[in-house]
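Paired with chain B in one complex and with chain C in the other, chain A is shared by the two complexes that follow.
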Partner chain A sequence: MSDIMTKNPRGTDPLARPGVLAHRRMPRWAPAGIAVAAIAVGTALGLALGLSSKIQWGLIALILFVLGTYVITAAVEDRRQAKDRVVTSAVWACFVVAVVPLYSLVETTIAKGAKMINGNFLSHSMAGVLSNDTGGGVYHAIIGTLEQVGLASLIAIPIGVFTAIYLVEYGRGKLAVAVTFFVDVMTGIPSIVAGLFILAFWILVLGFSYSGFAGSLALVILMIPVVVRSTEEMLKLVPNELREASLALGVPKWRTILKVVLPTALGGITTGVMLAVARIAGETAPILLLVFGNPMINNDPFHGTQSSLPFYIYEQYVLGTEQSYDRAWGAALVLIAFVMILNLVARGIARWKAPKTGR
Partner chain B sequence: MEITKETAPPPPAVPAAAAHGRRGVTRPGDRIFSGLSRGSGILLLVLMAAIAVFLTVRAANAISQDHGNFLTTFEWDANTTPPVFGIAVLLYGTLVSSVIAMAIAVPIAVGIALFMTHYAPRRLGGPLAYVIDLLAAVPSIVYGLWGALFLVPHLQGLTSWLDQYLGWTVIFDQSNPGTAPRNLFTAGILLAIMILPIITNVSREVIRQVPAAHEEAALALGATRWETIRMSVLPFARSGIISASMLGLGRALGETMAVVTVLSSSDKLTAHILDPGGGTFAANIASHFGEATSLGRDALIASGLVLFVITLLVNGAARVIIARRKEYSGANA
Partner chain C sequence: MAKRIDVSGLSAYYGSHKAIDDISMTVEPRSVTAFIGPSGCGKSTFLRTLNRMHEVTPGGRVEGKVLLDDEDLYGSGVDPVAVRRTVGMVFQRPNPFPTMSIFDNVAAGLRLNGTHKKSQLNDIVEQSLKGANLWNEVKDRLNKPGSGLSGGQQQRLCIARAIAVEPDVLLMDEPCSALDPISTLAIEDLIGELKERFTIVIVTHNMQQAARVSDRTAFFNLAAVGQPGKLIEIDETERIFSNPSVQATEDYISGRFG
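Then we have the complex of A and B:
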């Protein structure tokens, strides 16, 4: 419906200017033209004044673009149209501002990380590698991440799915309201607080030592609310007729849920779970507190310290040498690739399962 | 989650009919299954209670041995004898960096939400939603690495410029011009990028729900697109946008790794946000944990408890506002 406005611009009251129904309009290419001019002037100013940072060039161009749009439109059209165009250009600017950091981040990570990725980097640990040695790798960190995330998923997925089943299929009254509210609140728990809780409970009170499993427990707390929320959304989408048909045939309720409701929603639930896995795979803070890091390969998540990919990035960043920065970028690339692949597969499943044509 | 939400039919009312079938014969299988699912729900509540209890117990232990005032002391020397530590700097740093993040992220996020709903060509809308989701999926440590090794050097020019021309505002004054911008301002910018997706996604869901009749009425009166948005879209979506911002604030308050890597922390409390120094709760925990003694750990847990309570209040308030319209919870954002 917003198209109506661009096709039929009656900015001013026609009665105020008798005989003028449609007044002067800017050509269609005007916004693009102003944008190009603004970028050109921004770059020229940046070069002329010797501003070192490209961020400043961009900001100058942005301000010129918005101001220029207002002044030119106000001159050619009228103030109301000018305001409208300024907002349009500001909204476009917001879009650009959102894309730029993501582009820069991905570009930097690939540019600096790609040269590190090779068989040696992926198959070696950091055992005996000094901070300013080249070489070393992420094998132990990948093992750690996979084991910690796997264990966390094993615990969090059943609890999360059952809670969602409770909320959708059974939940009535105060308990359900309380669970819904606290699931929402749990999504907001900072990961470092989850880590501190497991530290207080598992390590300080129960007396266990640092291990991959302790890290998994903190990841469970972060994962459960995401699984509950996405599963709940999916279960709500299952048509009621399916449940009624099954119950009418005399199938017990639990078998109805297990054999009719869950299979129908399986695609969506899988998507939600994979997104949750992708999210906890990148958590650093709880690992920092509970797994403690280990330069060597430790395949046993229940005994002894481990490493993990996000922790490894932090560890190498803190070392602060050229070689360790390179390793950090390499590991960042591996981690981003892992998370993005999970995301893409999850979205693929979502799209594939999207049309609910029964099963 | 967004894709399925868009393509799937509107959620039916909660299956009320299914509930009535419960009265009648109760089979053991039913009892076990409903017990399991109810038990999971209760387990969540127990977990939340346990978090509060365990953190409080350890925190009480630490605060009782604190030789400074826990609320007003600037230093964080929990490992020394006598231990002196306080959260004044951390509270200040957490609030300032989050406020900077909000001031940058909220207008841009609302702008992007409007872009996706009202301005973008249809072909651009879908990919853009995907880009925003990718922004949300990038792990915080990668943001931290990028922030420290890319953003900090690139912000040097901007901070000097701000210092030079806006230094008279005190806020933008740098005590030692030319120092690397490892300050609360840079941390705030990085946090803004990180909380952009959640604010955008929740705002977009709210804006989508503005009744078409409201907008059509405004358009029929001859309003421009901006006037339509200002008169019919924003008033309707205001409460949703506020709670979206508070969800973002909750994220910003508790973010750890991005602040640890970017900020050069110190126990200095200053109004000059371009000066390096300061700290946040989460960053302080992460950076002091390695060398902490047993009391030091309890002290860090005490600061974590304060962070927990603050985020709980912010998130709880956001949820109460948002609960009026249940369809968009933002939990998947």
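Then we have the complex of A and C:
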């Protein structure tokens, strides 16, 4: 009897395992310690084997980290804890793998582009600047991107949001199925195809000339499905109870959607719309085909050719001189900053408009 | 201006499935009528046909007549929106609008129907919150979000929101099932006060509650799962709970059901 009282069922030493429920735990710093050790071993192995790529070092370290976690935990704690910790460390490893390219991209762009960012670069066009001249700027491209993306958003956001409202609130039967199907198809349209379609339809058939607006039309095609999809998902998240509560107050359906459903989903819709804007802000192919490029400032998106930031990057890259490479990196940084600022604004709006939970 | 409800030969469907079959009853003005019965017997569906909320569900449709002081809710040319302004509803789970403050929640029905005068809104919001016995608890934080209140307070907020539009009839679909006994008592007391002004119909699974708050009680039942629900009997609450005329009612009330 006393045997059973003092020893746990596995018969291990009661001092090491104070009870049935408690068991030996690794210290809090163990995962970090294993990670550091894995990185050290990975680096050492990389050096010893003469592996040139740091990516290989990193991969070795990651694998060692996950395996090491399992082996050490299994030895110190038990197998179930080991599995738990392995999954945790695998999630961390995936996070690192996902963040590395992002970090590398931002770091490279800042390293190569930051020296270009100054008042002159942001306020001048490329008019009269030869490919191996220093100087020149992105002002005309910023104007072009703002106008083309602005016009595209002005057209695509209402169409997209209204389509999503139709699909979620009204759509029944064949028409809704067809709309959903075509939105899915549109999601997969490559941007060059959207550009070619507008080129054929707007410029060759209808006879308009190259302009920022023609580019916007192609961007609209690319933007609508993204807006529809994200808005649809957000509207579906609005609890049906809120719609019923509003309808039961004698509020017509359209006012219910406008005053109850949309405000509740506004945060999510804004985020989705901003992602769509970010997507089209980086499109090059339609601009190449439809806006044509222009080294000079053209403030009128409806007449004459324009430039845009992604197009400008491409153009400067193709020129192939050291000075134009610098300009391309500078423009890339401006484009990334533009998208980043848009995202921050969207986050701000989403937080500000989110359903309030405070007391 | 509480109104009488006269239902005759009412059946409701979800698509091709018949949920309730051929129900006829009269609900007296300025009284509380309770619906009791097992789950799935169509109490809530029937309640929702009384303000045309049933047809909001995809595939929902109704046959029969519901007369509100001699006007058929399902007559041709009747606007469901107008019906819902006359017949208000409180739901099982408290559902204040999450983007709105306490004040805006109560004012929602009026604002969304076109009343915007600030002084008028202030008066009505205060009256409604007092009517729902919530005014003293929230008068200092009318601009705080409604979702920050406790469950019982949220439910009273929803009642205040429903009575702010001055309906003639108030439908309550298990209004206390998500609440603790003290909040339940608060709402039962409130129902007793509200019946001076409104016709009240309440669905409840709590038979003591039906006995406490209602003047008349209707017992619903279904022959088997998948069969439409039927009205077994409706009578004075005292008679239903002491001497019902149908054996099934007595079995259900005394717990011998199923």
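Note that the second predicted complex is superposed on the first by the 243 of 359 C-alpha atoms of A that agree within 3 Å, B and C clash if a C-alpha of one lies under 4 Å from a C-alpha of the other, contacts with A are read in each partner's own complex, and residues count from 1 in each chain.
Operating definition for what follows: contacts are C-beta pairs under 8 Å (C-beta built on N, C-alpha and C of every residue); 3 or more make two chains touch, one makes a residue touch a chain.
Predicted model only: the values in this text are computed from it and were never measured.
By the touch criterion defined above, A:P252 lies against chain B and chain C together after alignment on the C-alpha atoms of chain A.
Within the superposed three-chain model, A:R172 lies in touch with chain B and with chain C [touch as defined at top]. In the superposed model, A:E244 lies in contact with both chain B and chain C.
Of the two partner chains, chain B is the only one that A:T163 touches; chain C does not reach it.
Judged by the touch definition given at the top, the superposed model places A:I313 against chain B, while chain C stays out of reach. Contact with chain C, but none with chain B, is seen for A:T264 once the two complexes are overlaid on the shared chain.
On chain A, the patch touched by chain B and the patch touched by chain C overlap at residues 172, 239, 243-244, 247, 252, 255-256, 353, 355-356. On chain C, the positions that touch chain A within their shared complex are 51, 53, 56, 58, 81-86, 88-89, 91, 93, 95, 97-99, 108-109, 111-113, 144-145, 147-148, 158, 161-162, 165. Of all the residues in chain A, the ones that touch chain C in their complex are 172, 239, 241-252, 255-256, 259-260, 263-264, 266, 353, 355-359.
Contact residues of chain B toward chain A in the complex are 1, 3-5, 7-9, 11-12, 14-15, 17-19, 21-22, 27, 29-30, 32-34, 36-45, 47-48, 50-51, 54-55, 57-58, 107-108, 111-112, 114-115, 118-120, 128, 130-135, 137-146, 148-150, 154-158, 161, 193, 196, 200, 212, 215-216, 219, 222-229, 247, 250-251, 253-257, 260-261, 281-282, 285-286, 289, 294, 297, 300-301, 304, 307-308, 311-312, 314-316, 318-319, 323, 329, 331-332.
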